[in-house]
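A quick write-up on the structure given underneath.
Chains: A, B, C, D and E, in written order; residue numbering restarts at 1 for each.
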Amino acid sequence: MTIVAARRYRQGHLVEADVLASADEAGRGEFDWIGLVDPTVEEMAELAARYHLHPLAVEDALMARHPPKAEAYTAQSFVVARTAAQGPGDTVAFGQTAMFVGERFLITVRQGSARTHVDLRTQLEAQPDRLAEGPDFVLHALLDFIVAGYDPLLDRLEETVGQMEDGAVEKFPDQARIRRIFRLRRVLRQLDGTAGRMEEMTRKLAEVEQPAIDARARPYFRDVYDHARRVVSRVRVNLDGLANILEVASLLEQSRQGAITRQLAAWAAILAVPTAIAGIYGMNFEFMPETDWRYGYFVVLGAIALACAGLFVRFRRIGWL
Amino acid sequence: MTIVAARRYRQGHLVEADVLASADEAGRGEFDWIGLVDPTVEEMAELAARYHLHPLAVEDALMARHPPKAEAYTAQSFVVARTAAQGPGDTVAFGQTAMFVGERFLITVRQGSARTHVDLRTQLEAQPDRLAEGPDFVLHALLDFIVAGYDPLLDRLEETVGQMEDGAVEKFPDQARIRRIFRLRRVLRQLDGTAGRMEEMTRKLAEVEQPAIDARARPYFRDVYDHARRVVSRVRVNLDGLANILEVASLLEQSRQGAITRQLAAWAAILAVPTAIAGIYGMNFEFMPETDWRYGYFVVLGAIALACAGLFVRFRRIGWL
Amino acid sequence: MTIVAARRYRQGHLVEADVLASADEAGRGEFDWIGLVDPTVEEMAELAARYHLHPLAVEDALMARHPPKAEAYTAQSFVVARTAAQGPGDTVAFGQTAMFVGERFLITVRQGSARTHVDLRTQLEAQPDRLAEGPDFVLHALLDFIVAGYDPLLDRLEETVGQMEDGAVEKFPDQARIRRIFRLRRVLRQLDGTAGRMEEMTRKLAEVEQPAIDARARPYFRDVYDHARRVVSRVRVNLDGLANILEVASLLEQSRQGAITRQLAAWAAILAVPTAIAGIYGMNFEFMPETDWRYGYFVVLGAIALACAGLFVRFRRIGWL
Amino acid sequence: MTIVAARRYRQGHLVEADVLASADEAGRGEFDWIGLVDPTVEEMAELAARYHLHPLAVEDALMARHPPKAEAYTAQSFVVARTAAQGPGDTVAFGQTAMFVGERFLITVRQGSARTHVDLRTQLEAQPDRLAEGPDFVLHALLDFIVAGYDPLLDRLEETVGQMEDGAVEKFPDQARIRRIFRLRRVLRQLDGTAGRMEEMTRKLAEVEQPAIDARARPYFRDVYDHARRVVSRVRVNLDGLANILEVASLLEQSRQGAITRQLAAWAAILAVPTAIAGIYGMNFEFMPETDWRYGYFVVLGAIALACAGLFVRFRRIGWL
Amino acid sequence: MTIVAARRYRQGHLVEADVLASADEAGRGEFDWIGLVDPTVEEMAELAARYHLHPLAVEDALMARHPPKAEAYTAQSFVVARTAAQGPGDTVAFGQTAMFVGERFLITVRQGSARTHVDLRTQLEAQPDRLAEGPDFVLHALLDFIVAGYDPLLDRLEETVGQMEDGAVEKFPDQARIRRIFRLRRVLRQLDGTAGRMEEMTRKLAEVEQPAIDARARPYFRDVYDHARRVVSRVRVNLDGLANILEVASLLEQSRQGAITRQLAAWAAILAVPTAIAGIYGMNFEFMPETDWRYGYFVVLGAIALACAGLFVRFRRIGWL
């Protein structure tokens, strides 16, 4: 199930549902939209021959993990985008969509990307006037679709980080939470790298003239660029939030440990009094005058109590207890 | 209450208070100023049709949380600004004002922004010579008004951070203060992101030619840019201040904890002397010559006192006590 | 005492000591030098009318705390510089000098700046050939004077930081020193911000053509820029030095605390031996054979001493004591 | 064995296997490929005279550790690349390949680089149409080969770091692991520096016109640049991962130590109860009424047990135990 | 001994050994090389008059600590370089060489720079063809000489840091080593600042056209720039290495302290058992049934031993011992 679409449009209307069956090329006002999923090297070679694709671009399209890029090859543009979807737990599942854009064709190559383009295609076919603009407008629709796919992901991450921030000002993060922060950072850094490249790629499409892409399409790519930039910005705000949590958690733990050390020291001092005094009166000397006094025991008990109380009051005052 | 203003000006004088009631367009020397608050998609669509607004701009204007931007669409400029007001506690309440600027109209779309433009409009209407300059000068007045709105906010934050800095050099921040620093950083980072984009947007207006904006208006936008830059600079100084507090607090706590550890160790050592000696003389051996001596008890008490005093003096000298 | 000077020069020679008394304008080869200190809004308005100053520039000149900038307004240049002087303790007292430069006039507006321009003026008036170059050369002399004012300040800060660095490699900073580092950082960061803007402003004057400033003056402004850059560089070296002290202090404290913890643990272990053994022989059992032995007491004392000595040697070997 | 190849090609076909044996120069459509390994200064001088190499380039080629660069000398290009191979343990063994590119020759100088070019040469000689493109296409093949050599290295490092990240969320890194992280960082930073320079060098070849390099070769160098950039990006992701591990490890250790301190304090408090009470009843006063009661001992034992249990419950509740 | 050289060359050959003795200027194909060491203001003024040096350049040349720079003054270039030599201990002794370059003269002004130019001059005079190229080639030779002077310094620092890195993975740095790291960082940061400016200055000479410097000299300055960049790069690698050592040392100390805390807690718990039990049986109650049993003592001793052994095994299992 490699080739999932091979359609020809004329003035935005579908005229041929299996264009690869015959050898005739798209004419004026026509363009082909070929959709592939995880193609083999041989299938790509066939398409490359038919549409004169550049071997370097074909090589990139066949790589499973190529960072986003936009490159011009003589009369064609080549674009790699990365898709992002919610993975298990806090992870993100990345996929890849490579797009070859010619004057009269658009080839999309998906790898490990879960979202099909069926709905999008149906939607575009319902608007012949937009489809009539040609492959560059379809490229825009695809990129718009892919970048918009980052939003639900970020909504969820943002909620998670927001809850953690709320939690951080109330209670120290336990070890499980620290580990989750660690994993979230890993994910957000992956997103930062990938979205940063998406931003770079869309900016190139918005600002640098590209073959087979009309100047009229520029504001549309600028809008996608704007969206990608927003994604990067949100990712970084969340990374900042996690860094903030970690730094404050560290300080809170430090301060908490300091308080306990002081408390511990104070109690140790207070309890050292009966231990030391009782130890002394526990010695087995023949002649220890106090032990023979009638109320010696009570005097010593009282002295111990007084000393302990005195220390207690003092530690209270200096804030150790 | 979506449409809050729909006025037409000729040479800076109000000539029509409800311009949307009729269909005639603004003529030479005239312009319309339409003010909207949280409009519906349908209302925006109507205005878009009347003033030929670009669909991408309309889409952005309807988003509640779009970062500041300035974009050119053929003969119109589109600007998004974010307003900032004091929220509850240390928070900031952000709002949004989108502005469509044409040769003969200005449309403002407010979302979640609390400050109305009524006073500003009254003020401008009192200066017909300034209003006569057209929509670009009104755009400047609006941006000037919005950026100036960041100042009272920063005054307050600066005072808070300043007090904390003064406090930090006197006393260690307690847990409540650490938590407040955490919240302040969050707010200042939001402000940094937003004000940074305001700076970027105003610089674009000041330096890059834009449709429907006169070259004569440039120095005015440069002045707003200058102000936005000042805001960013103040935000960063305060972020730096908080980072400085945290770092010094951590070092002070470390040093304080070290002092207590040393003190604790010293007292533990001193008190270990009577405990150990008394323990030995508390043993129940039949034959312990010292216990039979007449003044054994006093000799041992004295030895204990001497040893403790010796240790005390030594710890004093090395600064542990 | 707002207007402190209002002089007219012709070919570098003073021809009029109170130029504001009459209404005639400076002619060819002449220029006016007006000096103001903390002027009122009205006074500025009068001068603005007489010399056609831009309202945005006038507004900036009246602000007490405007960051350094250089801006061109049609035929005039406007420059804001910040002066720095030694304040009480380790603080810096900033002031402001705004300068309006026209083809035939120079207006200086000082706010909170303690150093008068009297000496500088006397000096320049003694060199008519330099004064004859016009207002741009006076602007250079003023900026040179202001930037040179940062040097004694930095000399002092550098000495302070240098002493702290020397101290840091010898002894751990106590709490008073940590607090001083905190305050010095605050001051150095203020200086960094301000001097960085001075650098930016002087670079603009040295590299970008400005109205009323001759191309021949460029190398002179480049020299001031060079000086400002040196100031920024020195400020950062000192900030780096403080950061270095803090980081090393933290590690030294950590290592010192570790040493004490180990020492404390070792002594606690050694002293636990007599306590435990003595405790056992202090039990009141009827039948404890050892207590009845003739030399039981001495055997036990010896055993205790041996065990303690053994532990002591072992802790020495592993470096805990 | 310094000169390992000295071949002449005509239209991509080998026409001469030892070109240095005679003095005749390569003609139109021909080029020489000279391969050297660790040449002496004299050998380089001979080649420099024959092919008019620039003395500065020759000097660089003879250095054993020159960072990657691309430089133009009149009609020739000079390129230095660094090779990377797996060294013992976690280390990387760097080597160097300098390349002189003229219109009709290519000279490669390897130093400390383990991978020979034999296979690559055999491969290229099997594709005469590619070889016929001339020295610039051979340069591309060499750089492509060298940059691809970084990948297996990174695969291994990535796996190591990935395992450490997985480990970090499960168990605190022990001292051996901390030391390994330290060594990995050192290696990754070396890689970062070197690969960053490779990226810079390949970008220069892809974007700036160079003598003896055809404009048609540009997309090929851009592809190598893309690959080098990917290498840099992977290196940084791994450095980030290690930093993340270290930071989280530090926080986990802090939190773990806090838990133990609290536990220790709780048990110390609980055990202080029997010690203090038993100490008191161990005193040798003649008159201690409780000691004479029939069930005094059991009452005291019960009181001790109760107090200890009470403390235990309390510490449980506040989470210390 | 201020003027150490004053020679005239014609076509690269020495024609006059004391050019300042007479007043005739260098003719076509001739140039003067004047060498000064720590000159007085008056001496500089004389030379400035004779060779038309710019007063701003003269001022810089007389400063003892000017950062590296390259500046153009009408028909002359002015260059300041900083020399670096090994100082006592780990320090670096910086010096300064200012160079005035005209069409027909080169003036070098050394301040605090220990390495004379005698050897270099002798070397150049032995190559008349190189000297014949004029003052710009001598400038190159001087800069090449100065930048090469950083290498032995870095070799030594690199070795020191390398040993520390090797040490860091084996043993925790003691306080002396921490202090040495502190001092090395200080030195490396100075070097970073200075070498960074050297890089900037040489890049300017290599890339921007300068008066009195031939375009043919460009590749030579690019080579010096390359070398300066290598110096900066090496300095940063070493700074990174030190930062790496500090960070890992901190983590290792933290982990080591954690281990000791756990060990300490375990032994405290084990030893608390005999203390508590013995304390109880040391109480002086009349009626304590166990003390009257025949083997009570041995039973209690056994119970104590068992409890201690049990705890020991448990602590072993959880890794505290």
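As a working rule, contacts are C-beta pairs under 8 Å (C-beta built on N, C-alpha and C of every residue); 3 or more make two chains touch, one makes a residue touch a chain.
Being a predicted model, the structure only gives us computed values, none of them experimental.
**Student:** Touching both subunit A and subunit E: give me those chains, sorted by label.
**Tutor:** D
**Student:** What rotation angle takes the CA atoms of subunit B onto those of subunit C? Round to the nearest 5 degrees.
**Tutor:** 70
**Student:** Rounded to a whole Å, what is the gap between the Cα centroids of subunit A and subunit B?
**Tutor:** Between these chains, centre-to-centre, one finds 24 Å.
**Student:** Quick check on subunit E: which residues sit in contact with 2+ other chains?
**Tutor:** Residues 250, 254, 256-257, 261, 268, 275, 279, 282-284, 288.
**Student:** How are the chains arranged in terms of who touches whom: line, ring, star, complete or other?
**Tutor:** ring
**Student:** How would you write out the ring, from subunit C onward through subunit E?
**Tutor:** Order round the ring from subunit C, first step to subunit E: C, E, D, A, B.
**Student:** In the complex, go through subunit C and note every residue touching subunit E.
**Tutor:** Answer in residue numbers: 165, 168-169, 219-220, 222-223, 226, 229-230, 233, 237, 240-241, 244, 247-248, 250-252, 254-258, 261-262, 265, 268-269, 272, 275-276, 279-280, 282-288.
**Student:** Using the touch definition up top, name the residues of subunit E that touch subunit C in the complex.
**Tutor:** Spelled out, the residues of subunit E in touch with subunit C are 54, 56, 59-60, 66-67, 69, 71, 73, 172-175, 178-179, 181-183, 185-186, 189-190, 193, 246, 249-250, 253-254, 256-257, 260-261, 263-264, 267-268, 271, 274-275, 278-279, 281-284, 288, 290-297, 300-301, 304.
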